[in-house]
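What follows is a pair of complexes built around chain A, which joins chain B in one and chain C in the other.
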Partner chain A sequence: MAGHSIDIRDLEKRFDRTQVLKRINLHIREGEFLTLLGPSGCGKSTLLRLLAGFEPCTAGRILMDGRDILPLPPKARDIAMVFQSYALYPHMTVRGNLAVPLEMSRLTFLQRLPGAALLSPRVRCIRKGIAGRVADLAEPLGLTALLDRKPAQLSGGQRQRVAVGRAMARHPSVFLMDEPLSNLDAKLRQDLRAEIIDLHRRTGITFVYVTHDQSEALAMSDRVAVMEDGEIRQCATPHEIYDRPDHLSVARFVGATAINEMPATVRLGAVSVNGVPLQLNVAGLPDGEYRLAVRPERLHVVDDGRHDFSLPVDQIEFTGNEVGIRCNGAQIGAGTIRVQLRPENFARLRQGRAAGERIPLGIAEGAALFFDASGRRVSALPLPSRRVQEVRREHAV
Partner chain B sequence: MNTRSDTRAGNDALRSAAVSYATLARVFSAPAFLLLVATVVAPVFVVVLISFTDYRLGRLTLNVVGLGNYTRLLSDPFFWGALRNCAIYTAIVVPISVFGALYLAVLLDARRQSRRFYEIVFFLPVTSTLTAMSIVWSYLLNGHIGPLAHLLAGLGLPPVDFFADGTLALIGLSIIGVWHLIGFNLILFLAGLTVISSELKEASALDGMDGFWDRLRYLTWPLLAPTTIVIFVLSCIQAFQVFDTVAVLTNGGPYGATEMLLHKINTDTFTALKAGYGSALTVVYLVLIGTFSLLQVWLGNRKAHF
Partner chain C sequence: MARFSVRPILAHAVLASVAFVMIYPFVWMWRASTQAPGEIFGRLNETPPLLASIADNYARALLDSPLPRFMLNGAIMTGGILLVQIVTTVTCAYALAKFEFRGRRLIFAIVLLSLSVPAQATALPIFIVLARFDMLDTYAGVMLPYLTSGFAIFLFHQFIRSFPDEIILAARLDGMSEVEIVIRILLPAMMPALAAFAIFSITFHWNDLYWPMIVIRSVDLAPPTLGLLFFRGQEGGDSFGPLMACATLVTAPLILIFLAAQRRFVQGVTMTGVK
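Entry: the complex of A and B
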């Protein structure tokens, strides 16, 4: 099995008056695990359904390995799909669900009539092949013992496996998944996440995965395409999406804990927030007003006096592997500022200090992201660096 | 009792409280229960009792004749004729109105904008008064003045008078029966089709079941099976109750060719005033309808097969 590459060019979709997809351009590499991530209503499911051929597009082209697939019906597109509700046939057993796509593709209408297997040895032979393939599908998915059950008698995880098995039955080259884990509880979701990654590695085919869960997207994908309002805001590796978001909306949407935002003023490369000067130099950034965003774990507690700002602590949350501190950011013109620390760092900080007082915070090197009024990231590479004289001072020490 | 512990006494108190609760519940439900007895159960009993007498409507005296009415009924050729006509009528009307409605429902389910329009159009006959519409139908199917007569004449064919010929009269009534029933069945099937989610349809399209017949055979029909059983039994009951069209159009004629059970009950009881005999017919009718209802309940309970 080998995956196909998918080339989406200027794709548009309009329902009556509302434009659901606006000129989507996306290249999905062969064998890639690409996730479409976005809030509900952003058009990610619509894009998937256009790929599958369930709905016609208004404009644009979709090429699969260079071949235009738009005129093809869903069954001829060499794709498989796992639906959010799994869409198993409720009146068929697991065996029936797995066999149906094979029966439809391998047998003609006449050969599928009841009794055809009794009359024709060829039909018997094909049916035998289908039974063998069903057994091969069921075995690695752990469904062999469940083959005679109806979907209603299965747990959520088992149903999900049947849906995957049915999708794999016809050896597709592209695998589409529409929020396949959203109906499961958290623990099972973790397990099946690993199973899907494993399936992708084993088969090597192209996966297009739709989710609104940003942690799922970051954990599973080769690349993530973040969508908003029918547009792709950014398509990049999970690392880039997280560390270098192109758009403020991407920065806000990605990350388990909300990113910290504050209004910043840049004058001759020097940055200040609400009049408080920061230890930052952003040479090359034109003077003006920006929004400065920093991930919570890239804010550090700085004890040596070279902090960027010091803020009063509102609340401290201990979650086992980390400590979350919520500070009041009114002083720097922001709302709540969240800081995440490793517990051992927090323990060190705690000594000789009581909660409720101010803590001095510094922005980690290269962690400050600047966005202009339209929400686009402006901090051009190279990354904003510490003030030159500070570096010099460190050398002197 | 005095030597027993407090818990026992507590239990007793609880039990008496439960009893009084049950009594209270019975008191509250009594009006509804009495109304049900007075309007449904009692009349049925009265009918069964009268069927064992030779009571004539309007008389003050009656004699108990035992099973006399029933033996007379079994040897009455008009009873067997009415039963036969009812069966033929049902055998024509039910399959056409059920499968026709299924076919229409599958077609309508695929429509988006025109669906509402067609639903209303097909449902109109259900809301119309059958007695009044029977007169319209008698004009439509009339052998001399109706549009059908003009059509046949225009094609150079001999005229067909539906309600003058015995066999044709029954077919004519069946056409009206189908027309009246199909809209109701259609709405029920459309409700049943909502079980089939759009994701299920998309999955079936992906798996190769995108033709009309393939989808009907593998997806729509099996999933509609429970609905179909209910609709089938309801249609049987409906068809067996045919009365309005018979009373308005044929009066059971010509020569008893369209005599139906309900119409015969009406004629014997209220025209010929033989209330005892009519009651025996009614009991037979109740037993038949009751059988259909039991069938529906029994099949309905089995429908939880997926």
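Entry: the complex of A and C
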């Protein structure tokens, strides 16, 4: 069971006059776990449906291991799919659901007719093989005891497992998943997340996973393709997506706590926000107006006087493993500025301070991200050069 | 004392009286089929025992008249119509509900329009066509105009439209052809809707007198309703007992079917359009 690579070239999709996908270019490596991440309506599910072959595309090509698959119907594409609603056949038992793809591929139309097993020993033999394969599928998924139940009698997690089992039945080379966890409660989602990662590692086939949950995308993927308005904004490893977003919209979409934004002015490499000069020096960035963005955990409380700005505290939230501070950013021309600290750091800081007081904040080294007026990131900081090249190369592909 | 409010009593009184009007003819039919000739319209001095009258009436209905033959004719026509109707309407409804193609809205509009055309309006043209093709006085002639049904297409369309797309996509991905999707996925899921429609169709065609009366001439091919008419004509006026026994026997299958399928029927009628 080896995965296929998928090459998407200049793919476009149009419904009447709305352009849902605009010239998508994406290379998915064989055996990779790639996530399509984006808000609803960004075209990620449409892209998945084009891969599966449920809808024709308007322009472009999709190559699987170099072979053009666009003319092929869904069943000939060597793919399997798990749907958001699981799409189990409601009137069939778990056994029946798992057996359908096997019956369709191993039996001819005549052999599938009811009663064929009574007449032909050959059909009986194939049916026996199918029953064995169903048992093999059910066992690792923990479905053996549930084989005679109907989907309506299963819990959400069990239905999801049946859907995965049915998709695995035919040994696909590419596995498509359309928000398979979004109908489950938080605890179960965590467990099944681990199961899916495990499944990917065990089978080694190519996974294309669609979700709007950024934490899911970061936690599970080899690479994440962030989509917006029918375009891929950035495709990179979760680390790069989080630390080095190419686009302001990517920076805003990714991250459990919203990224801090403020307007910044650069003059001869010196940065100031709303007239407040920062400690930063950004050589190589042309003079002008930028959006400066910083992750909440990359803002530090600085006591030695070398802070960038000091802001009044609005609110302090303790969530167990971290402390969130919301500051009023009016002084630096921004809205709320969020700071995340480890509790032990906060305890040290806490002495003599309370809500309403000002705290001095500094931007961690290398954490400031500059975006130009069109929202694109301008690389100003001396990044570790190897990483930059990697990002660029992936774009070129 | 319990609180008697006027409204529910009034409502039940209205419902009960309407129900009485509906049920009374059947009660009368059953009672007449259990009485000796002459007893129905007046009081005889010595009434024969009830069981003797029942035995006499029903024996004459089953043995002296061609009623079994009529019932067989009715079963063949009603069953044939229903089977072909399901084949034509489910496929049509599936196409209208789940496929996007040019003219889809127009076709659906025509289907809905056909619901408002009374059968009488098309009777003469169809009669002429049947005459040309020499199909008068045959089973096929009775069945032909009813082999599809705008009502069924509409009913099934509503059901299939609410059927999840993803299940159909999954079936296509598993390798099923569209025909197999209809047979293996849709039909089993549609059982309530099918049962509801089957009741409508069977009741209508079993009881239909108008169209068989136009097409059928020979007694051998008559469905039960038309047969009863022949039977009454042959027997003259006084044999109401056996006649009512025939009527009871003709009505019985429908009542039995309805009782058996009642739950599914109600389910099917409420289910379409709710989702």
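In the analysis below, the second predicted complex is superposed on the first by the 380 of 397 C-alpha atoms of A that agree within 3 Å, B and C clash if a C-alpha of one lies under 4 Å from a C-alpha of the other, contacts with A are read in each partner's own complex, and residues count from 1 in each chain.
Quick note on the criterion: contacts are C-beta pairs under 8 Å (C-beta built on N, C-alpha and C of every residue); 3 or more make two chains touch, one makes a residue touch a chain.
Since the model is a prediction, treat every value here as computed from it, not as a measurement.
In this superposed model built on chain A, chain B and chain C take up the same space, so to speak, and clash. Legend: residue contacts after superposition of the two complexes on their common chain; A:A152 is shown touching chain B, with no touch to chain C. Applying the stated contact rule after C-alpha superposition, one finds that A:L36 touches neither chain B nor chain C.
Applying the stated contact rule after C-alpha superposition, one finds that A:P101 touches each of chain B and chain C. Where the contact sets of chain A with chain B and with chain C meet, they give residues 52, 54, 73-75, 79-81, 83-85, 87, 89-91, 100-101, 104-105, 166. Here chain A touches chain B in the complex through residues 49, 52, 54, 73-75, 79-81, 83-85, 87, 89-91, 100-101, 104-105, 109, 150-152, 166, going by the rule given at the top. Chain C makes touch with chain A in their complex at residues 164, 166-167, 169-176, 180, 184-185, 188-189. Residue ranges on chain A touching chain C, taken from their complex, read 52, 54, 73-75, 79-81, 83-85, 87-91, 100-101, 104-105, 112, 166. Those residues of chain B lying in contact with chain A across their complex are 197, 199-200, 202-211, 213-214, 218-219, 222-223, 225, 305-306.
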